[in-house]
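Both complexes shown next keep subunit A, but they swap its partner, so subunit B is in the first and subunit C is in the second.
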Partner chain A sequence: MTPDWTKNLVEARNLNIRFGSTPVVDDISLDLPKGRITALVGESGSGKSLVAHSIAGILTPAARLEADRLSFAGVDLRDTKSPGWRDLRGRQIAIIFQNPRAALSPVRRVGQQIGDVIARHRGLKGAELSRAVVEALGAVGIVDPEARQNAYTGELSGGMCQRVMIALALACNPRLLIADEPTTGLDNTTQAAILDLVVDQIRARDMSCLLITHDLALAREYADDICVMHAGQIVEKADSARIFTASQHPYTHALLKASASQADSIASLEPIKGSLPDLNGPLPACRFANRCPRAEERCHSAKPPVSGPDTARVNCWNPLP
Partner chain B sequence: MRLPRRLLSAVPSLIGIVILTFVLTRLLPGDPAAYFAGPAATPESIEEVRVQLGLDKSIFAQFVDYISALSRLDLGRSLSSGQTVVDDLTARLPATLELTVSALLLAAILGIALGFGAALRPGRWPDRLCDAVTVFGQAMPTFFLGLLLVYVFYYKLEWAPAPMGRLEIFYSSPTEVTGFWTIDTLLEGDIGAFQGVIRQLILPVITLALFGLGPIASMTRTSLLQVLGGDSVRTARAFGLSSRKVLWTYAFLPAAVPILNTIGMVLSFLLGANVLVEKVFGWPGVGAYAIEALLVSDFAPVQGFVLLMAVTYVVVNLCIDLLAAAIDPRARTDG
Partner chain C sequence: MTLLELSGVTRSFASGRKARVVAVDDANFTIAPGESVGLVGESGSGKSTLSRLICGLTPPEHGVIRLKGAPVTAPTRAVQMVFQSADEALNPAFTIARNIAVGLGLSNGSATKEVAEVAAQVGLSPELLPRLPHQLSGGQQARAGIARALIAQPELLLLDEPTAALDVSVQALVLKLIERLRQETGCATLLVSHDLDVVRLMCERVLVMYRGRIVETGPIEQIIEAPKHPYTRMLVASMPGKAREERIVLPSTAPQITANACHFRDRCPLATDICARSRPQLTDVSAGHAVACHHAGGADHPVSESVEC
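Right, the complex of A and B next:
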């Protein structure tokens, strides 16, 4: 099947991912429109990476994926073996990871690794290929790419490895970049430089981006839309500005209060009550119900309804006004 | 830069070996002078021989003699053959090498293939076979396995030729060019002799290879599984690289160094195991030579054999390290 670029890049409907009998990702629906940066925010363990991996086609074999729809530009992503889908990965969908040093091969020069991807998708060879590799490295602000292409990851800093990873991801001008916590583990200055680079490149190339982070403040700074996840469920999706001024879900509200950059002082910081529910045990219909100050009877027994326009959607029985 | 430094680092091991073989021969029971002088010797003639051999000198002076002889590649003379030890070893080394190298190649190829199969299909039959071979190799003493194979395939089934050397007597042995008779017979175009050489090789090679197969297969499996489950293979897949590229370049290459080290270790084992296996199969190699010399207290050949094996061991490990560094930049820590 050939891609249909008039559609949303990613459309996921009722996406479920389970490990054995553990339902980790629960009935998620998510659209990634063209030309926008969507942040996926949530505590550690809420299933953000699993969602990213299901789109990138790298779920571990142990994970069971079920969805009414999971498509990229109209191409079904559920059948990871289909040739149409294999041609998309790396070409139209690229992903960068939290630990770039581990994500790159330690035994291959970084230029060769970028060359492998370019050769695979753009069919370049010889001098043309080397030129494209140097160009890709230069595009992400690596000084002296001619020399750096011969380095191994062991010889580069963490920030430099992430730049190489970004160069690899952008080498074929994909339509979608998935960035799974790309700056966790880097120092603050490098973190800002890397995110600025990613966002500049996304805008310049008119790409879309799924930016995964657990940091709401960072999401607001870089993303157009913010999608909040809790224990494998999406609880709210809205414009990034709107989330901060008019969050509707009690969990989003609690996250904001717990986030240092939002609080006026240390004293007004409020940690979120409780912790993520044990996914192996019996779960309430809304997985936040046991932690929620506004929970009602029906929150435990029935899936919360989805309400609101596209720019401010919330999955809650009892949203904040 | 790196190569000379690595070469230098082998020097202490070599010095150690030289000292060890010297001490070893002084520690072995018996009086060499008495042996050399023969059974009918008088105390005076033994003393004469002792002076001839330089054994009356101080230990330090003896060591100096030993070193200077070594530097002239003089390892003394074998009592039983009357030849110099160097000549004997040189004549017999190709037989040992052909056997060992064939066994190592077989073990490495089968072991890597088996480990690959096990890693790609964990829990399925290649994985089980991998386990079975490992357990078997560990449980079965090599010489016993050799005897068993001879009993079954020569004595009972009569499929294999008599375990007596490199070639049955009714073939003419090839003129030595490489010393590897498989190659030399082919160079002469003597297909019959070539087949004869192969037939003689099969059982001892299998004996030695079965021994090395287990460690190589299980290390291949472990190392490959670790890389396959890691982030860099996930990246290669996420970027749509072909399965072949992922498997060889992104999985096997980073997994290669532990496998290579295991192959080196297996080779060292094989050098030791050779001694008994050559004896079992009547193989005219250096191992059989050494054990025959040891049985008649002919110490110079034993000393020469130990020295040769130790040097081989050091050289092999040096090569393995260099190869590892060529494949994997993480193995270049001393550079």
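Right, the complex of A and C next:
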């Protein structure tokens, strides 16, 4: 099947991921529209990386994925043998991780690593290729790219390595960039500088982006839409501003109350009650039910209904008004 | 009355074959009993080194650190540190109970009563005490690290990025715990963080560090509302939701640090000749608010309007 670029870039319907008998990701449906930045937020262990990995086709073989639909520009991503798959995966979807040094080779000069990707995807050679490498490094704000292309990752700071990884991810001009906590561990000034840059590149190239973070303030600043996950379930998806002004799911509300960036004082900061449920044990239908102040009988027994338009969708029996 | 006083405290390390990096350069400040102070600055600015100096874990090359008037030359019970990472704080081969007892200088399990008390105080349930550190969650490890420091009943608690590795919800728990303990015990805190939102919630006053130098200090509201030093302005601007135009310019070249110059001049939009010739000293701009910048004195230059350097 050939890609159809008029469609949503990614469409996932009833996606489930299990490890053995443990249902880690539970029946999630998610669209990534063209030209938008979608943030995926939630506590550690909520399944954000697994969702990202299943879209990028790098899910660990230990995981079992089932979905009614998982497509990229209309091409089925589950069918890894289909002719279009390899090209899509390698060329149209790029992923950047938290730890750039793990994604880059320590023994090849950074310019060579970027050159490899450009040569493969754009067929450039010789002087044209060298020029493209220098351009790619310059585009991510590396000063003096002529000289820096000869560096090894060990000679660069964490922030600089992060930029090289971004240049590498963008080198093949992908349509989708998945950024999995790309700035965790960097200090806040470097974090802002790097995210500013990633977002500028995404906008300039009219790409789509899935931005994974557990920092709601970052999601608000950089994403168009925010999708909130709890214990492997999507609980709410809305445009960024609405999440902050009119969140409907009690979990989103609790997450906001627990965020330092949203609190006026230490007294008003409220940790979320309880912890993520043990996914090996018996689970309530809504996995937030045992922590939820608004939970009712049916939250334990029946899957919460999905309500609201695309711009404010919530999966809850008893949403906030 | 002052609890802690630093005068001219300097510490450098060898870096490469010939060069030395001055991790803390001429630090002068005081902390009052019970005060909550934040220490902010980008990675590598010297925050952990300054904490280790105050704790007596690293000796200064120059200058003196005084605790209630007496020079600090070795670790004392009155000053305790909660380390940046749990691996640094907890011995992986010791049970949690034994790790906590280390805070009293004991590691043979004779302080069971004190350990149980302090564990209850930080909210660690008794069944966790016989476990090894890797059998605890990140939040529980953070609590154990705090308990280890608290058992010594310090007058000054140094917290080096106590929540950087924690998730939003656990971070909220640990921050509230620290605040509660501060009120219960009345001990002063120096909280190292590069998250200004955390410092805003936890501290009355803040010290801003840049490449080893304290470049600005003042009440937290003033620092966030009206930062004076161009570096502090960039730091504040990089909080989510702030204007992008004032954000940090990442260093493009190796820093050029010379003794008689401002360390920030190669990244500073306000820099002029004088910045390369003379080192700015901390100078009061209002009560309790001091800044080390040749151009922050009176005029309130917006950083974005100034000339490029």
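A few remarks follow.
Assume the second predicted complex is superposed on the first by the 317 of 321 C-alpha atoms of A that agree within 3 Å, B and C clash if a C-alpha of one lies under 4 Å from a C-alpha of the other, contacts with A are read in each partner's own complex, and residues count from 1 in each chain.
By our rule, a residue touches a chain if its C-beta (ideal position, glycine included) is under 8 Å from a C-beta of that chain, and two chains touch if they have at least 3 such contacts.
Bear in mind the structure is a predicted one, so any value in this text is a computation, not a measurement.
With the two structures aligned on subunit A, subunit B fits next to subunit C without clashing.
Touching more residues of subunit A than its counterpart among subunit B and subunit C is C.
Seen from the Cα centre of subunit A, subunit B and subunit C lie 80° apart once the structures are superposed, a value rounded to the nearest 10. By the touch criterion defined above, A:Thr190 lies against subunit C but remains apart from subunit B after alignment on the C-alpha atoms of chain A.
In the superposition on chain A, contact is made by A:Ser259 with subunit C only, not with subunit B.
With both structures placed on the common chain, the touch criterion links A:Glu221 to subunit C but leaves subunit B unconnected.
Within the superposed three-chain model, A:Asp239 lies out of touch with both subunit B and subunit C [touch as defined at top].
After overlaying the two complexes on the shared chain, residue contacts for A:Pro271 are found with subunit C alone; subunit B is out of touch. When the two complexes are overlaid on their common chain A, residue A:Arg86 makes contact with subunit B while staying clear of subunit C. Legend: residue contacts after superposition of the two complexes on their common chain; A:Glu66 is shown touching neither subunit B nor subunit C. Put simply, the nearest alpha carbons of subunit B and subunit C end up 11 Å apart when the two models share chain A.
Shared contact residues on subunit A (touching subunit B in one structure, subunit C in the other): none found.
On the side of subunit A, the complex with subunit C involves touching residues 43-44, 141, 143-144, 158-159, 186-193, 196, 214-218, 220-221, 255, 258-261, 263, 265-266, 269-272. Those residues of subunit B that touch subunit A in the complex are listed here as 230-232, 234-242, 245, 249-250, 253-254, 327-330. The part of subunit A that touches subunit B in the complex is made up of residues 56-58, 86-91, 94-95, 97, 99, 102-108, 116-117, 120-121, 152, 154-155, 168. Those residues of subunit C that touch subunit A in the complex are listed here as 42-43, 138, 167-173, 175-176, 179, 194-198, 200-202, 234-235, 237-241, 244, 247-248, 250, 252-253.
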